[in-house]
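Two complexes, one shared chain (chain A), two partners (chain B, chain C).
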Partner chain A sequence: MKRTVSCLAMMVALTTAAHAQMANDGIKIGVLTDQSGVFSSLAGAGSVVAANMAVEDFGDKFGVPVQVVSADHQNKADVGTQIARQWYDVEGVDVIVDVPNSSVVLAVQELAREKDRMLIASGSGTAALTNESCSPNGMHWTWDTYAVAVSTGKAMVEQGGDKWFFLTADYAFGHTMQKDVTAVVEGAGAQVVGSVVAPLNTADFSSYLLQAPAAGANVIALANGGTDTINSLKQAQEFGLNQQARLAGLAIFLTDVHSIGLDAAQGLYLTTGFYWDRTEESREWSKRFFDRHGAMPTMAQAGVYSAVTHYLNAIAQTGTDSAAPVIAQMKATPVNDFFAQNGTIREDGRMVHDMYLAQVKTPAESSGPWDYYKILATVPGDEAFRPLSESACPLVKH
Partner chain B sequence: MTEINTSHAADTIAFPKGEAAALGMSRTHLVMMVGLVALVAMAPFAFYPLFVVKVLCFALFALSLNLMLGNLGLLSFGHAAYFGLSSYSAAHAAKVMGFTPELAILFGVVVALVVGAVIGALSVRRKGIYFAMVTLAFAQMVYFFSLQARFTGGEDGIQQVPRGQLFGLISLQNDMTLYALVATLFVLGVLALYRITYSPFGHILRSIRDNEGRAISLGYRVNLYKWLAFVLGAGFAGLAGGMKAISFQLASLTDVYWGMSGEVVLMALIGGMNTFFGPIVGAALVVWMQNELASFGAWVTIVQGLVFMVCILAFRKGILGTLGQFLTRKL
Partner chain C sequence: MSIFNIPIQLFSTQIMLGLINGAFYAILSLGLAIIFGLLNIVNFAHGAFYMLGAFGALLLLDHLGINYWAALVIVPLLIGLLGCVIERSVLRWIYDLDHLYGMILTFGMSLVMVGIFRNMYGATGLAYSMPPSLQGGFNLGFMYLPASRAFVIVASGLVCLLTWLAIEKTRVGSWLRAATEKPQLTEAFGINVPLLITLTYGFGVALAAFAGVLAAPIFSVNPMMGSDLIIVVFAVVVIGGMGSISGAILSGFMLGLVEGVTKVFWPQASSTVIFVIMAIVLLVRPAGLFGKQD
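Now for the complex of A and B:
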């Protein structure tokens, strides 16, 4: 009897000791992404590859397995939260990464808070994640609509774009970007000469686009995304609008340019958080990624690698995988890798790093597939992302 | 899809003749109903409770579609409108207006009923493909309304909906408590739908489906019956949508998208639209596929399409329809 009791006591002691370090015998990283819909090429399977690369490159340093699981949320908020719940509750996933699609990522961030686990968003762009919906358990790594839209706005005003025309997708995403950019360009002394809203999934943009030269614009900003961007860009090219004004894409990814082709996309200005052909390290990593995935990485996919690596480093330093100490460690350590130089994670969860203003090359300038961007300028992180003084995040003390 | 052939007696949802009935059910149906209730009671111990919650919401949604499809032979291709609007209304009521969960769901049902009454009044005059297209058009209007209306939060949806306290007393934060509520509502919904289907009203619906001219000549105001069935279907879809919004604490554009309307038709067809219980089986299968196949990358939609094709080609009566044929019983 005594022996049984002491055995039991020992077992309890052992299991609690193990729990204090690594819960559920290992570290599990869940890549929740879109593998069949509109975000599948900019994030999707490539994000899973990036997470796996990060784990392999990190090596076996914990003595417990580090596992990557992945799922396709099918762009359905209920499917996404269902999977995330099951991951947190049953499968013991410690952190969920990527999650393009704003309705899914906002739900998962809320869930992470409830279950006291972590979310590191990379593919999604909604600025609400670190603004009014911010959470102590969430981080936003790569980009947001504010950063890409506002950086492009500022930089183009500096380059002489002083008469702006907006082609805006008629839903919250488009309206938010137009509002943010308008504030910035007007603050910089430029003028908004006109704007037009087009419904989601418009096929023929001609009547909208042709209002721009009539308004005397020298910058046409495309405050839309996905197929809307692709269609409007192609049609702007067909009407020769890129001869009369500069086109600015407010949310464009490398894979979008790849599918549009340089003929239609040439000359487009955009802001990106990462470009593969920028430094020696980024080229080296991207070539390895290309060998496995068959496409160059987008900023979302590179961000997943950077985020997972930073996460694993924080676990190595704290010796635990429970959320609070790991988050504290991640926020205390600057991010330095091929993706970000001296990136910092703010109290609202925003990872602040430099963004890059780029212009799409002409077919003559390009040496072949994936050689698409000219990096024109670096936008310092402090200028690119929404300053904490304007934040609506309750975690930020003004 | 234009002409849904339901005229073969063996295929119809009609009440089996000559079988001893208890509680207004045939013996087969009684066994199935008891089995269903037992299954619902045991499922959360075998599966992840919230997964079962989702199955139940979609099962009720598919049943609500089949009220029209199975009994009237009218395919509503915009059924997501009532599901989604109710889910938005319930979420808004619980989050912004501070309703308790049962009132929030009730509010969702009322909204679905009202919208269903208006759309139904305008669409039941048409049949076949025209009916499907008219309902789809209205559903697209609801979609664009939801995309742009301020309270829906656009593509972000309504997030952080509180589950709240049932009757202001019982917290639903625990998944099992929530499951108990959803399971109760589901079983009540199924019983009500069963009663409607096999009531005199249901018999008239089937008589209209089989020979509308004859029903008119017998003095039935067929458009009124169709409209009533439409509104009831919308109401039960609303119940499903409201339950889903409270359970998953969100309402999003997925719920009003036309893809959702297509999915619920798929559920009814796979399960067997000429059986009462078929849509439940179809819903469970589709939700299970979406969940299980998610980890295989891009395969979900492909497999879903294949299953649909196999169903259409190999067993058109759906899973329960074919099984019933095999057992020579009406399931």
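Now for the complex of A and C:
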């Protein structure tokens, strides 16, 4: 287990009463992330940097130290759970953040409920976290498969994409996205003309992609992630498919576009929870992040900063780091920072905030590295995320 | 016109694409077969050398401005040289041991190489721009064939053919075959067998690097690209017959074709079909389709 520990001692004394209510003589934030696998670029070390920045920016407001610890879950649910258990039981970690990878985050959320500690997911996308598997101890901050897929789906239908073809990764992530988007695009009057299910970690997608024009599609939706998306986009461009149909990425991060390059990614439609070059505040924070990490932040990394800051604010307001009052305070307070405006945390744990429909710039439109997105529209949070009326979360009273 | 409800146009396209992927399998399995034939080593590091080839092309372009065409020559030479050094310094100590030691050693080497690149360049991978002369393509009537793919099939076919000719029809090739069959007797004839072994390993590795350079503009250049492919390539070698040169080439192209057709009829099975064929071949012909039965 690779672990880096960064410590910020905050020795300015506040009231002794507030000091007495902090368990374990301090606040410990555990960044459980993927530091070497497929999600390491979109979350990984960048998420640890973001958490550290949040703690430093928050400043010395408690009479106890605030620590950030981090570990690599190696994308294995058993490894992730073991680290989380050690953190909660032995090391006194109060909240675990980030946790990209659906299987790991679902297991850690269960553990947080059992131990009455907290989880704030940012890098992970599974919408189940706040739906059928929701927990009073869990929050989902940045994005989910429902929001990014459905927002992109609706927007593309509005722009005339009425014949859809899905290239779907053959595991729960891909199938769920296809199901959610199909419901939305068919509801909006479009038609699904075909789909093909490809095994995970395929190198050559051209055989699958070429089935799309044969089916008469004008939108090719990529219900896959990571390297699979990168390869599909590269090969769609190679075979000239981006001239015949519009491409929709259902789970795309800024680092994916950086990896693909604008030549292959140009014109791609996607939905994101954050883009660095959107407002003055987001630019200012992102440039500070870039100076430390060497890459612009993804939505997952920016979400970690926002979540940790909101968490520390709630502790400052309640004077305790016990899970229940902090969660109640976080839910009662709107989230307002460079990441979210008037974000609210629902009873199912979903942090509802605006999402942004974006299109990847052409090489001519881009001024250089990391200048990748044109923000086409803001999707209000209430439209982007699954409405509570459709929720299968037992905490939601219908 | 259609075959089993699949339009003939789509079917022909898949055959073409299958052949192109088969070209990658052929060139990689050829390198593995040569190495196994002479060194008796199951080279699990082959996928890592393929990855090194792709990264080599990318780094030469980014840092030294060396283009794709020059990289096609320079990178295999450099990685081949690295292969020679590894053979001299590491592999030659385990020739007398069981196959398992070679597998574990090369597997370990592969993990180290992949780990280093993952730490340096991240897991998401990097983009290698398509060289200008390979942009565009040909309209074959039934499909649009990008020039990059056409080049892969021509280059790979040519390299496979030249390698086969060199091994089967030249004097050096005859030494190689002799050293494979009876190394001590070959040495008695004054042929420097240890040098031959070093060069053979270097050549096998260079073939993997060549495939890596070919792959750079087409696939995502990432540290795991070889690990994902190598298992399939091993199955191809087993189906062709361990150590059989022509078997490796033919089964490479053939299995690419089978995989391509599977992608139309049952896409989910496309990553499994090669292993199903391997199981059947091993049951019926344990030495592989083109291997010699002991």
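Keep this in mind: the second predicted complex is superposed on the first by the 378 of 398 C-alpha atoms of A that agree within 3 Å, B and C clash if a C-alpha of one lies under 4 Å from a C-alpha of the other, contacts with A are read in each partner's own complex, and residues count from 1 in each chain.
What we mean here is this: contacts are C-beta pairs under 8 Å (C-beta built on N, C-alpha and C of every residue); 3 or more make two chains touch, one makes a residue touch a chain.
Small disclaimer: the values here were computed from a predicted structure and weren't measured.
In the superposed model, A:170 lies in contact with both chain B and chain C. Using the contact criterion defined above for the overlaid structures, shared-chain residue A:354 touches neither chain B nor chain C, since it reaches no partner.
In the superposition on chain A, contact of A:259 is made with chain C only, not with chain B.
By the touch criterion stated above, A:69 is placed in contact with chain B alone, chain C being left untouched. In the superposed model, A:40 makes contact with both chain B and chain C. Contact with both chain B and chain C is seen for A:199 once the two complexes are overlaid on the shared chain.
After overlaying the two complexes on the shared chain, residue contacts for A:102 are found with chain B alone; chain C is out of touch.
Overlap of the chain B and chain C interfaces on chain A: residues 36, 40, 170, 199.
In the complex of the two chains, the chain C residues touching chain A come out as 7, 9-10, 13-14, 17-18, 21, 115, 118-119, 122-127, 129-130, 137, 143-144, 146, 148-149, 218-220, 222, 224-225, 228-229, 260, 263-264, 267-268, 270-272.
Put simply, chain A touches chain B in their complex at residues 35-36, 40, 44-45, 48, 69-79, 81-83, 85-86, 89-90, 102-103, 106-107, 110, 126, 128, 133, 170-173, 199-200.
Here chain B touches chain A in the complex through residues 48, 50-51, 54, 144, 147-148, 153-157, 159-160, 244, 248-250, 252-255, 290-291, 293-301, going by the rule given at the top.
Partner chain C is touched in their complex by these residues of chain A: 36-42, 170, 196-199, 201-204, 206-208, 210-211, 214, 226-227, 230-231, 234-235, 238-240, 255-256, 258-261, 263-264.
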